[in-house]
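Both of the next two complexes hold chain A, though its partner changes from chain B to chain C.
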Partner chain A sequence: MAKILVVDDESDLRGQLKWAAEGTGREVIEADNGKQAIKLIQEHNFDLVITDLKMETESIGLDVLKAAKEKDILTQVIVITAYGTPAISVDAMRLGAFDYLERSAPGTESLEMIRLKVPLALDYRNAKQKEMRMK
Partner chain B sequence: MKNEQPPPDTAIVKVVLAFFEKALDVLKPPLMKFFVVLIVTLLLAFVLVRNNINTQLGFVLVIMVIVLFAIITATLQYAEMRLHYTKLTEEELKRALRDTVTELQAEKKESQRQHTKKKKPRKKA
Partner chain C sequence: MEKVLKLTSDTLRKVFSVSIGSTEPGFIGPFPYLLLLRWLILLGIAARFGIHWNEYSPEKHIQILSLLGITALVALFATYVTIVPNIRRSRKLQGLFIGLDVSLITYSYFLSNNTQSDFFLFYYLPIFAANEYLGGKPTFYVFGIITGLFAAVLVLMLPTDPDPNLTIIGLLLRVFLPREVFFISVVVTSSFLVRRERTQREELSRREAEVETLLNLRNQNLERRNEELEALDAVDHVLVASAPNIEPVLEIILKRTQEIVGAPVGIVMWHNLWDGTLELKAQNGYPPDAYSTKQKMGQGIIGKVAMTKQPLLVHDITKKEWSSVYLKVVPETRSELAVPIVDGNILLGVLDVQHPKPSAFSQEDLALLQTFAVQIVIAVHSMSIYNDLEQQIRSLRSLSIITSRIQDISYDTDTVLRFLLTGLTAGEGIGFSRAMLFLTSDDGTKLVGKMAIGAQTREEAEAIWARLDSQKPNRATHHEDPLLPLLDESEMFAWALRERRQHDFPLSEALQDVVIPIQMSKGAIMECLSDGKVVIVEESEEDVFRDEIERVTTSGDRGYSFACVPLVGKGRKSIGVLVVDNRFLFNERSINKKDVNNLEAYATVMAMSIENSRLISRLADEQKSATWRDFAARLAHIISTRIVAIDGAITQFRSAVLEQADRDLREDLDNLTRLLSDSIHKAKLVLRELRQYAAPADLNTTKLDIKELILKLQREFQFSENFPIDVILPDTPLVIQGDTLRLSDAFAELINNAQQSMQPEASYRECRIIITATLEVSANMQSSMVRLEFADTGPGIPEEEKKHIFDPLISTKSKGSGLGLAIVKGVIERHDGMIEECGIPGDGACFIVRLPMIS
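== the complex of A and B ==
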């Protein structure tokens, strides 16, 4: 069963992310800060990580992304932020993020977007895994 | 005897709110807004002409409003199309970047693996 890690320091927002991820019927594990997330990534194998960008530091989300990619390049990471800039967005994509989403408001629109992206990210991971096995 | 009040009937409020929510959703596209303005203007013109207030002024007003809102609607529609196109382009670029980065990371891992293999000292026979 696919494992998803949800990282956010705000419990309400983490709950929303968890809800969005659980809707796809996958096992979801939570972390409330970047350090804990990195530790969990080192201990477990995740298919997908959904992380906030700004937690204990300005861009700890990128460290979570790096840790996930170092552990397994096929782990997909979705970075979410409320304070997005094009530069950070490009940085995240360059580091191998599956997507970079801006949480403009705690409304349902961005949440629906995340819910849409989760199965896409998992499908992408499976496709890449198959491709690499073929090679 | 207790003076018990019945609970407020929230169901009706919910239905009304849902109706307005749906109505706003329907009115989201610029073209729909244009149609609403068109209908209101035509009704207004009908009243003006029927009551003989000023038939000519009524027609001029109607034409002006229609032209003005047609221009606004066209501009909004164009902006929406541009935004949609930009989003599609962004998605395509993201996809391309994602593929490239994944391939590069895979190659890097492979070369690191081979490098560590080479570094291992050979066992003596």
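== the complex of A and C ==
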């Protein structure tokens, strides 16, 4: 059973993220701020973390990402960024994020994108896990 | 002993017998009587010789006579005591006569201290004695010559100054002439000598008297000189102590003058340069009812002196010749002395002294008064030098007072300018009579009257000054600096003006209607604006600006000097002109070099204040815009979050719809949600631009070649349904420091704009975009810019819209938020560049971007 953590301080957006992440064989846990998310990551083993970048601080999402990668390198993280932060997006990718997504970017229905990326991320994680086991 | 006595008496006897001139003992003959006569004659001679009548005193005579008596008695005694037993009566008489002779000589010696008695002593006595012994014998003559020579030597050796020739002649005469002839000749010679001596003495005493008079005169002169010097010294002291007031100096000069010339009445009349009358400035002994006396030029003695500028010494005022001139003020006055106080060729006043006695003043007094008149002129000069210095110190101090006041409290520009104008016009400041301020209009084409302090007419000016003067003591006692209350007053005045509770000065109100086109203007103002220097227009000079002011001030008379001072702001840009003059001042002093320095200092502060206040208002604008941007950014964020939520909700909804069994319903709902998504998409676009504009991200600059950037853009645009882009580039690389992403976004926006504007006309006209990059080097070769031209063949931007194309939310295109060009402008400006549109409406738009090259 895949364990997914969605982190967002806006409850309705978090609800939507949860909706996008839900599916058969997945358990979705919610966190409404970065700190709580990091605590949860340390307590549980997540396969995927979907986190907003800007919550209590401008880039708390990166801390969540770091915490997740520290706990388990196989944990995949999707960072949702706001407008005008390409530099941070690059940072996120460097830190090992599976993907980033500009939520308010015109032309994409971001929720749909996330919905599409969740299984991809999980598959990727499994593949990586197999690869590691092989080694 | 007896032998000695006998010998003596024998000798004496012989002597006496010889002296009588008879060898026959016992014969008296006529000789005793002749001897008596001789004695009488000798007495007369002695009296003539011995007594100088001017030296005569009874006490001295009695003294001498008693001495004479004693001597005579001694002689008598000697005759009788020593010789009595052996001589006869006649001999005794002879002895008496000899004693008398001796006493006579002694008497004459005591009576006079002069040479003639010496003559008797050293010559006559030995001769006389020898004659008694040797009379008639040849040995006598030998003895006489020897004795005479001896006497002459003695006389010559004496410290007194006898006539040696006379002595020798007398001696020889006595030797060779018979006794009586000699006596007569001696009498004659002596009387001649005495007369001569007396005339000499008289001459001498006359000379002495003369010398004494001269000495006295000199002493008197010295005394007077001393007094004069003392007076001048006192004047100097007062001059130093009483600066800057001339009155105490005049008073001390007057007092000293009166003391020296001894005049009970003295006045100084001062020339009123304004109306040409003479006013009482200082007095001593003047009747109180005459204090306010004003004298006209040519009226009275003083008036006459003032008119002719020549001194006047009147010995008697009651004389006919003065009756037509004299103006009776002090009733006792009989003589009067007046000298003009003239500086160069200008009459300052008249110094005048009066005396109740006729002929009380001399030419010397006149000279003295002239000296003091010069002293007064010097005093006036010192005062004016002092005043000049004081003026400068005061003006600097006033400026510092004003600036510190401006710094302490933030005043509005009008109040600050009013302070500065007050400083310029106040006597406690620079002391111009009027100050007028003109400011350059925003477009720099006109000078507009801003504010003025000063009067339009002389009457107004006098009223203002009288009011200020009446407040002066008040002001002086309450404050440290007399300028402060004036500033308080102008602050109140500025406030009242703002509140419309008070009218401005008529001059200021009139000035506010004055508009001078700069390009048309000539003369001082133009010179002042173009050179940025103070221009002084002298009294006699014609000037266009004077005519302009003339209309405002309605003062009628034209000849006066004024100064134009430029207010120079940042980058030597002229902000305005300050005009000052000394109109209506009692003494309309010209504007000099020192004034120029002060004016420049004031103008600098003025320009700074104006620029400051303009800067502050611009900052306020920017702050306002920053606040607005901040607000917009927050708003954009919040709305954006909501839109994202709606977006998500639509996704959820669509996903639910897709599971819908009913196919028709499914299609309808699908279409509906797509419509919704489109709107959301547009909303997102607008929000994105709004955020870009409101909260631009920091630049991430690197060195980049504009040429590469342009070529990349050209490639990107090639592949879609776009109009062709021509690129004209120079051979040299155009390297700048910039954010590649932002710049390419900005240029893309410009290309997009062009593409969109050409869309509707694509069917009937050739559409293309031409991007030209060139290198621009500034005139001074200091910096170079990359010039990029984005030209299209679209309809161009209509003239009326050109002004606003870079303003946010004004869009000529139907698509987009209308923030595009505003964002482009923002990006370019953040690169220290600039953008402008200079296309011709109808021929296409043309944006020119300039970005600084890396040197």
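The working rule: the second predicted complex is superposed on the first by the 127 of 135 C-alpha atoms of A that agree within 3 Å, B and C clash if a C-alpha of one lies under 4 Å from a C-alpha of the other, contacts with A are read in each partner's own complex, and residues count from 1 in each chain.
The definition used in the following text is that contacts are C-beta pairs under 8 Å (C-beta built on N, C-alpha and C of every residue); 3 or more make two chains touch, one makes a residue touch a chain.
Computed from a predicted structure; not experimentally measured.
*Asks:* Which partner chains sit in contact with A:94 here, chain B, chain C, both or neither? Use first/second/both/neither.
*Replies:* So A:94 only meets chain B here.
*Asks:* Considering only touches as defined above, state whether A:73 meets chain B (first), chain C (second), both or neither.
*Replies:* The answer is first: A:73 touches chain B but not chain C.
*Asks:* First (chain B), second (chain C), both or neither: which does A:124 touch?
*Replies:* first
*Asks:* With both complexes superposed on chain A, which partner does A:39 reach: first (chain B), second (chain C), both or neither?
*Replies:* So A:39 meets neither chain B nor chain C here.
*Asks:* Taking the superposition as given, does A:12 touch the first partner, chain B, the second, chain C, both, or neither?
*Replies:* Second partner only.
*Asks:* For A:132, is the partner it touches chain B (first), chain C (second), both, or none of the two (neither)?
*Replies:* So A:132 only meets chain B here.
*Asks:* Which partner, chain B or chain C, is in contact with more residues of chain A?
*Replies:* The partner with more contacted residues on chain A is C.
*Asks:* With the two complexes superposed on chain A, say which partner A:86 touches: chain B (first), chain C (second), both, or neither.
*Replies:* After superposition on chain A, A:86 lies in contact with chain C alone.
*Asks:* Where on chain A do the contacts with chain B and the contacts with chain C coincide?
*Replies:* Touching chain B in the first complex and chain C in the second, no residue of chain A appears in both lists.
*Asks:* Quick check: in the complex, which residue numbers of chain B touch chain A?
*Replies:* Spelled out, the residues of chain B in touch with chain A are 94, 97-98, 101-102, 105-106, 109.
*Asks:* If you look only at chain A, which of its residues touch chain B in the complex?
*Replies:* The touching residues are 69, 73-74, 93-96, 98-99, 124, 128, 132.
*Asks:* Over in the complex, which chain A residues touch chain C? Could you list them?
*Replies:* 10, 12-13, 16, 19-20, 82-87, 103-107, 109-112, 115
*Asks:* Going by the contact rule set out above, which residues of chain C touch chain A in the complex?
*Replies:* Listed in rising order, the residues are 637, 640-641, 643-645, 647-652, 655, 677, 681-682, 684-685, 687-688, 691-692, 695, 697, 700, 741.
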